[in-house]
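Consider the two complexes below, in which chain A is the common component and chain B and chain C are the respective partners.
On to the complex of A and B.
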């Protein structure tokens, strides 16, 4: 356990500067999104008042009020979430390959450590999850600050308060990263964790068998896809939601278990430097 | 230990923030506003079995669904998790009962109430066979569940419809010893729909007869290039066996190709109403009272052999009534309390008729309006109950402007 925690600390430290920069970029982009949304709204409101002689009530009737709902649909806001998601997806690959590529092949030292090699796997997985949850937490903390900023820079009659709960229920991206219910959160991040486990297994196939490993990995992904898609071809409504849930939970544990076992076997017997 | 501060901080922030978000949600849910129906006049026995289905709406988005009755309110998230996910909240109460008592019968079936029929002895489910590829006929799969024995029986019946690309079952009911299936259909080479009432003999597994809505025979002129669409006006319920079925017929002129090669939208040219009488096994044209010609049959209700059309004007409810399509409408006016009608006029209203009682309910509760309930006895034409939907949330202090929108009235 001590070794595992050490490894997690080690992995977190290695990416901390880039991760910090990613958080900084997210904050900057989202603040820019708030300011630009307010400027765009007021520009439109002013033009309606000047050109069409609208009163503020008519402007609100025409444009609606500005809220975090408006901000969350701006390109900058969506881009800030997108860039964080894409960065972490790339890091899922980078977290393994950086150990092989570089001046000194770090994997050599890692594999020589007197510990069960599967701990490397779990340490990397934990790091990814920590970074993901960290970014979700940043988004949660940012939201009230952004709302505060929006309220401060917007004239009172045009501002509307929207809770994060309301927003996370309907927004296409926010509802994915912050599901409406805790059960939804467990399901969404459970699926995400399973996908990372499978991806790690595919990477280890490639690291173990090189070119051949890519094909084995691809075949492995296809088999998993077939297992997961198969039940969807059952006759219409044949399974009740409860049965579908338990079936997919079982399949997820099966796929996760097999992937972890394969990764263990590859790390112990096949991975070479 | 100092070396672990980054991992420690990251874990702590992630755990506490995400935990706080979901704990706050759970607490907010526990504090969710309660709704009830406050009696303003009359005996609340009049609203026994009344269940108002409404959505809590903000910016046109439904945040949650709530059922409001005499006993209080029940939110969709109050249902057990799997029942919520199955979408049982908005499902007809007969189907909810069926799900709890005979779940296996529902396997492979939809939750569309119009495809079910229930009486004291059995449940019937009808669906189009989705496997058959026979262009010469359309096959129906019929499942019957005998309530007493719990025995499930399966039947297949071919309908005299060829090459159907669209087939929609609007209503199923038992008429005498036959099963009547009311359905709309169209073929792959035509947009025009046809409406049929099929009478099935389950013991022989064949179609006994079918009555087609032949518009020409009813005196409705359909131009050569026009398309015809049907939509049922009658609200079908699983337990209900109506003597009459009312259909709205839309005749549209198909779009024309302009110089740029794009086709203009279809244009609605005529709207008619037709009635099917299960007793006489015949269609006839229904003429609306002249006062309602513009508005159409929006609030039309069927009760046994009667058709009712309520219309709110000022403080009065004018109730139009007819017993058959050809006999003409009679009307009577019923005086309603002013406070009830103001909000109904402002926000709109919905009606339903059950066991000689007309339920008249306004549809929106927001900063300006309330949802009022009025029950009228159709025998005496008296208002026997008025009530108001009350909430524990404060309207004036709400920062987020939410509204309660009524979308369905159920009476058990």
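On to the complex of A and C.
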């Protein structure tokens, strides 16, 4: 356990500078999104008032009020979330491959550490999850600050307060990142964690069997897809929603368990420097 | 004792090691020699479970390699295995954090011996100095066995002398060493046993003392066998 914590700390340290920059970029982009959304709204409002002689009530009737809902649909806001998600997806690959490639083969050292090699797998997985939850936490903290900023820069009649809960229920991205129920959280982050576990297994197939490993990994993903999609086409009308949920939970644990066992076996017996 | 028994290793259809068997005793320096691409590095990687073997068995003190073995066997590969963004001091701290066999006193001593600075970044070091860091990190472990793959590769003559001196000073008598090197002359006086490999097969295995008694160098014998 002590070694596992040391490994997690080490992995977090390795990405901390880039991660810090990613958080900085997210904050900057989202603040820019707030400012640009307000400027765009007020420009349109002013043009309606000047050119069409609208009153502020008519402007609000025509445009609606500006809120964090408006901000969350701006390109900059969506881009800020997109760039964070894509960066972490790329990092899921990079967290393994950087140890093999380049002038320095750090994988030699990692594989020769006096610990069970599956701890490397769990340390890298934990690191990814910590980074994901770190970004979610930043988003949770940013939201009220952004709303405060929007309120400050917008003329009072045009501003509308929207709770994060309301926003996350309707927003296509935010509803995934910030699920509004505990079961929603379990489903979204459970599927995400399972996807990372399967991706790590596929990477280890590739690192063990190289070209052949890519095909084995692809076949493994197809089998998992078949297991997960299969029940959708099976006559399960006799099952209640709750029972289907438990069936998928069981399948997810099965896939996760098998993937971790395969990763353990590959790390222990097949992986190549 | 490290026992390599009937080891076969294939990369695709190509056999890199063909039924390789030899033993390396504690307290002896065993030198694996052969021209490039004969499988010397693969043998060391296989001993450390860094490449899987197709068949055969490798035992360390009659046991298969386990996580505990990494506390008793150290491997110094010919590639840099520390993170370039680390300083030498950080690399040493990393080792201290994970290895119970890490000997900080010896590490500090070797740091001075190689005239390296703890605050220097690995990425800023010359090839020779990075090789010295690799060797430092390996020699500072209190292990029973030490595997070294081309420790002199690309290193200037003065640094080679320093490294060879470090081997003499720090390799205690009861340690078992397996070394592969093309610069045999630098360590010939330390070698006890020689395993000559050609195209993945052991073609000759002999005590270095025998060669010395015959007034021959290890390279002479290598030439006799391989040119035949």
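As a convention for this text, the second predicted complex is superposed on the first by the 269 of 273 C-alpha atoms of A that agree within 3 Å, B and C clash if a C-alpha of one lies under 4 Å from a C-alpha of the other, contacts with A are read in each partner's own complex, and residues count from 1 in each chain.
Everything below uses one rule, namely that a contact is a pair of C-beta atoms (placed from the backbone, for glycine too) under 8 Å apart; a residue touches a chain by one contact, two chains touch by 3 or more.
A quick note: this is a predicted structure, and the numbers were derived from the prediction, not measured.
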{"item": "Room on chain A for both chain B and chain C (clash or fit)", "value": "fit"}
{"item": "Which superposed partner A:116 touches (first chain B, second chain C, both, neither)", "value": "second"}
{"item": "Following superposition on chain A: angle at chain A, chain B versus chain C, Cα, nearest 10°", "value": "150"}
{"item": "Which superposed partner A:50 touches (first chain B, second chain C, both, neither)", "value": "neither"}
{"item": "Which superposed partner A:156 touches (first chain B, second chain C, both, neither)", "value": "neither"}
{"item": "Which of chain B and chain C A:229 touches, first, second, both or neither", "value": "neither"}
{"item": "Between chain B and chain C, more extensive residue contact with chain A", "value": "B"}
{"item": "Which of chain B and chain C A:108 touches, first, second, both or neither", "value": "second"}
{"item": "Which superposed partner A:1 touches (first chain B, second chain C, both, neither)", "value": "neither"}
{"item": "Closest approach of chain C to chain B (Cα atoms, Å)", "value": "11"}
{"item": "Touching residues (chain side chain B, partner chain A) in the complex", "value": "3-4, 6-7, 10-11, 13-18, 20-22, 24-26, 28, 58-59, 61, 63, 77, 81-82, 85-86, 103, 106-110, 130, 399-401"}
{"item": "Interfacial residue positions of chain A with respect to chain C in the complex", "value": "3, 6, 10, 14, 102-106, 108-109, 111-117, 208, 269-273"}
{"item": "Chain C residues touching chain A - in the complex, by the definition given at the top", "value": "45, 48-52, 67-71, 75, 77, 79-85, 94, 97-100, 122"}
{"item": "Residue ranges of chain A touching chain B (in the complex, touch as defined)", "value": "5, 8-9, 12-13, 16, 64, 69, 130-131, 133-134, 136-137, 140-141, 160-166, 169-170, 178, 181-183, 185, 235-238, 240-242, 245"}
